[in-house]
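Look at the two complexes coming up: chain A is in both, with chain B in one and chain C in the other.
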Partner chain A sequence: MTAALQARAIQFAFLGALLVAWFAIGRTGAISPLFLPPMEAVAAALVRLVQTAEFWSAVGTTLTTIIEAYLIAAVLGILAGWLVTRSRFLTRVLEPIVSGLFAIPITLFFPVFILMFGIGPESKVAYGAAYGFFPIALNTIAGLIGVDDRYLSAARSLGVSGFGLFRHVLFPAAFPVILTGLRIGFFICFASVLGGETISSVSGVGRNIALAAELMEPARMYAWIAFVIVAALVLNALVSALENRMRSH
Partner chain B sequence: MKLAPTYPAATLAQSPPVISVRGVTQRFGEAGAPQTVLALDDVSLDIRRGEFLTLLGPSGCGKSTLLNIIGGLVVPTEGAVTVNDTAVRGPLPKAIAFVFQESTLFPWYTVAENFALNFKYRGVARSEWRERTMAALKSVHMDTFADHFPNQLSIGMRQRVNVARGLSSETDILLMDEPFAALDEQTRMLLGEDLSVLLSQTAKTIVFVTHSLAEAVFLSDRIALMTARPGRIKKIIEIEEPHPRLPAFMLEPRFNEWRNECYASLRDEIRQAIATAEGTPP
Partner chain C sequence: MSLTNVVERKRPGLSVTWTRVLILASLLLIWEAWLRLAGDTIVIAPPSSIVNALFTQVLPDPEIRGAILLALLEVVAAYALAIIGGLTIGLAVGSTNFSRRSLYPIILLLYAIPQAVLLPLFTLGFGIGPAAKIAFGFSHGVFPVIVNVVAGMRNVNAHYLRAAQSMGASRGDIVRHVIFPHMVASFFTGLRLAMTMTLLGVILAELYVSTSGVGYFTKLFAETFDPSPLFALIGTLALMAIGLNEIVRVIERRFTRWKGP
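After this line comes the complex of A and B, so read on.
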C-alpha cells in the first residue's frame, strides 16, 4: 500500500470510528438525546428533510447569499489590495490599518448590519462580504508587494503601466498568494453567512438550524448540521481541486 | 574566411551620436544623509549609431545603473541623457529595448505570448506578431518552443529566447545588462558567437554591460572602461575587427592584446577598490 493510500485509509477509519462512537452512544444513552440524538434518528430526519421543498429553498437562499457575499469580497478585496500597493508609502500607511481592522471581531457589528440591511439575506451578504474581504485584501497586498523587481523593470521598459501592469504582470505574479487569500476568504464567507443566518434571519440553512433548536427538535437540527458538514467537505474538495489546477502552471 | 565589415569604421565616427550622456551623476540614499552612495560621478559618453559599445568595469562600478539611466528606468541625480536628440525622461519602448541579466520572460505566459506582449506595447500591428515571433525564435533555433512556458525550458534556452525577444523588438537601440551572466562559460561563449552573427545582420545600436573581458573584446566595437565606485569613464578602447566575429578571432594575438589592456585597467580599479574599502572605518 502506498503512503498516500495509507493516509486515506487512516482518515476514513477515523471518520468511521466517530460514526461508530455516535451509534454506540445512541444505544447506551450515555448522552441525553436532547444534546446528541441517536444516529438513526438524525439519518431519518435528514431523509425526511431532503424531500421537502422548504429544504431546497433554504439551501438555495444560503447558497445565493454565500456566492454574492464571496463575489463582493473577492472583487473588493483584490481591488483594495491593488490600490493599497500603488505606492510604497501608501502600503506603509494602509497595510497596518487593514490588518488591524481584521483583528477586530466583525461579529460585534452584526446588529449594525441588521439595522442597515434588514433581517433578509442582504444583511448576511454584507456581513459575509465584510468578513471575507480582509483575508483576500491582505493576501493581495502581500502578493503584490512581493512581486519580483525583475518583472517590474521589464514591464517598465515596455512602458506597461496602470491597469495593463496589473493585468499582465502584477496579478499573475501575485496570483499564488492571492489564491491563498481567495481560499481563506471563501471559507470565512461560508462560515459567517451561516453564522449570521443562525443569529438573525428569516430564511436560509442557518435560520433553520436555529429554529430546530428553539423548537426542541434536536434530530432535525443535527440533520441540518450534517448536511452543512457534508456540503463543507464537498466544497473543500472542489476548492482544493480548483486551486491545484490553477497552480499547475 | 574573412568577412567584410558591415560598415566602415570611419563613417561611424562621423555620424552624430544616437545616445548622448552628459554629466550624469547618480547618488543613492536620501539627499544630505551621511550614508549616500555616489554610484556614478559626472559620466559623459557619446554612443554612435549602429555601434556595439560595452561598459566594462569591476562589480559595483555603476555600469548597470548607467544602462538603466540611458534606458529611462532610473532618473539620474544630475546630468541628462538624450536619445536621437530627445531628452530621456522615462522608458522609451518604441526606441529602446532591454535584455536583462536574468531571463525576464513572464512565467505565466508562453514564449509566444511573451513576444505578443512585447509587440503590443511597442505598437507593432497585431497581424505581424506571430510571423515576427517565429522569425525571431528561428534565429536562435527555438522556433519549436513558441507554445512552451518559460519554466519548461533550460536556463540557456530561456536566455536565447530572451535575447531573441530583445532583437525582435526592432527598436534602434538595444540595452543588454549581462545577458549571459547566469550561464556557464561554454554556453556563454556559444551564445556570444551567435549574437555576433545576429547583430551583423541588424543596424541596431547596442549598449552592453558585462564584466567578462573575453565577451567584451569578442563582441564590441568600442569598450568603455569604467573606474571602481564612483563610476567614471576611464578610457575607451576601439576594437577594430570586422563583424561577424568568428571563434578564430579569440586565437589572434591582437585579441589577447585588447583583452590584456582591459585586464590591466580592471585590475588597477579592483585593487584600488579593495584599498579604499580597507581604508574606510566600518
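After this line comes the complex of A and C, so read on.
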C-alpha cells in the first residue's frame, strides 16, 4: 500500500515538475514562445477556444467522422470475419491475405482516398474505416476459429444453421476475442481520423491544429492539442470501463 | 516445431497456395477488366497502366528515386534511434519494481495520445526536412520497444533470479545472463511493432510535408488526377514497407527459435 502511494506520489511529482518547468520556461523565455508558448497563454487560448462556435462545430465534424468510420469498420470487419471462417479451407486461404494486407501501412493510400472521396470528411471516414477494419476482422476470425466444435454440433443437432448459428452460438462464444478487436479498432479509427484531418482536410479537429500551426498561432495549437490529449484519456477510461462491464456479463 | 505442426503444414500444401494465387489473380483481372470497360480512370488506374507508369514515369525519374531512397533512410534512422532509445528507457524503467510502478503508467499515458495531432509541432521544432520525419518516426517507434522491454523484464521467473543470486551473481550478471535472455521474445515482438509504427510515423510526416519528398509527388499526382504514377509510387513504397517488415520478422524468428513454440 505504501509502495503504491509512493508510486502515485512520483507520478504526480513528475507531472507537476513538467508543469513547473513549462511555467518557468514561459517566464524566462528559454525556449522561443513560437515553439513553446507560456502556459498561461495556452490556458487563456483554451478558455477562448471552447467559447467559440467553430470549436464545437469542428469537434462535431470529427466525432461524426469517427462514429461513421467505426460503424463501417465494425460491421464490415465482423461480417468479413464471419464469411472467411465459413470453412476451414477458406480460412487457411484468406486469413494470411487479410493479415498480410494489414502489414502494409494504409496511410500510404491516403492520397488515393483523397482522390476517390475528395478532401471533405468522406475521405477521412473511408480512411478510418479501412484502418479500423483489419484488427476487427482479424480478431473476429481468431475468435470464431477458437469456438469449441461441440457447441456447433450441439446447435446443429438442434436444427440451428446459417445466420441463426452465427447470432446465437458463434458470435456469443467468440465475443471476448471480438471485443478486443473492437477496442483496438476504435482507437485506430480515432487516431487515423485525427491524423487524416491533420494531413489534408478542410474541417475538423486535426485540420484546426494544422491551421493554427500554419497561421503561427502556437498558443491556439497547444490549446487544441491539450483538448485532444484530454479527450483521448477520457475515451480510454470510458472504453475500458465499458469493456469491463461487457466482459463481466 | 512439433510433429503435428509438420503434418498440418504438409497436408493443405499446394491447393491452399494455388487457391490464394487464383483469388488474387482473378481480383487483378476483374480490376483490369472493370476499368477498361466501364471504370473511371481519372481516380483509379488499371493494373497494366500502373506497371507501365512504374517503369516509364516513376523509376526513371531521379527525383522520385531520390525521394523514395530518402524515405527509406529516414525509416532506418528513426528505427535505429527508436531501438536504442526504447531499450535505454525500457531498461531504466523496468530495472526495479519501484521504478516500474511509478514510471510505467506515465509511459502508457503518453502512448495513449494520438500522435498524429502533434505533427505540426514536430515541423515547428525540426523544420520540414528529414529531421522532422525521423523525429516523428522515432516518437512512434519508441513506445512499443519501451513497453515490450518493460513487460519482458517483468515476467522473469522469480526462481531464476533467486537461483542466480544464491550462486553469487551480481546485479550486472543477472541482467546479462538471466534478464536479457528472458526478455528476447518480448523484445522482438516490440521490434516488430516498432517497425510498423516507425513506418506509420515517417509516412504520416512525409505526407504532411508536401513541399518536398514523397509527399510532394503523391500530392502532385493526386491533384493532377494522374492515378497511374500515384499507384505505382504507393505500390513501390508498400513493397518497401513489406520488405522491411519481413526482414524484422525473419530476424525475430531466428533469435526466438531456441524458446520453441
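FYI, the second predicted complex is superposed on the first by the 231 of 249 C-alpha atoms of A that agree within 3 Å, B and C clash if a C-alpha of one lies under 4 Å from a C-alpha of the other, contacts with A are read in each partner's own complex, and residues count from 1 in each chain.
Following the convention adopted for this analysis, a contact is a pair of C-beta atoms (placed from the backbone, for glycine too) under 8 Å apart; a residue touches a chain by one contact, two chains touch by 3 or more.
Not measured: the values here are computed from a predicted model.
Partners chain B and chain C, brought together by superposition on chain A, fit side by side with no clash.
When the two structures are aligned on the shared chain, A:P172 is found in touch with chain B, with no touch to chain C. With both structures placed on the common chain, the touch criterion links A:V93 to chain C but leaves chain B unconnected. Rounded in steps of 10, the angle chain B-chain A-chain C defined by Cα centres in the superposition reads 90°.
By the touch criterion defined above, A:T107 reaches chain C but does not reach chain B.
Once the two complexes are laid over each other on the shared chain, residue contacts for A:V228 go to chain C alone; chain B is not touched. When both complexes are overlaid on chain A, the residue A:G162 reaches neither chain B nor chain C. In the superposed model, A:S153 lies in contact with chain B only, and not with chain C.
Of the two partners chain B and chain C, more residues of chain A are touched by C. When the shared chain is aligned, no partner comes close enough to touch A:G29: not chain B, not chain C. Nowhere in the superposition do the C-alpha atoms of chain B and chain C come closer than 9 Å.
Residues of chain A that lie in the contact sets of both chain B and chain C are absent, per the superposition on chain A. By the touch criterion given at the top, residues 12, 15-16, 19-20, 23-24, 43-44, 97-98, 101-103, 105-106, 109, 112-121, 123-125, 196, 199-200, 203-204, 207-208, 218-219, 221-222, 225, 227, 230-231, 234, 237-238, 241-242, 245 of chain C touch chain A in their complex.
Contact residues on chain A toward chain B in their complex (touch as defined above): 150-151, 153-154, 156-160, 164, 168-169, 172-173, 175, 249. Of all residues in chain A, only 3-4, 6-8, 10-11, 14-15, 34-35, 89, 92-94, 96-97, 100, 103-105, 107-112, 114-116, 190-192, 194-195, 198-200, 205-206, 209-210, 212-214, 218, 221, 224-225, 228-229, 232-233, 236 touch chain C in the complex they form. Chain B makes touch with chain A in their complex at residues 68, 71, 73, 91-93, 96-98, 100, 102, 104, 106, 108-109, 117-118, 121-122, 149, 151.
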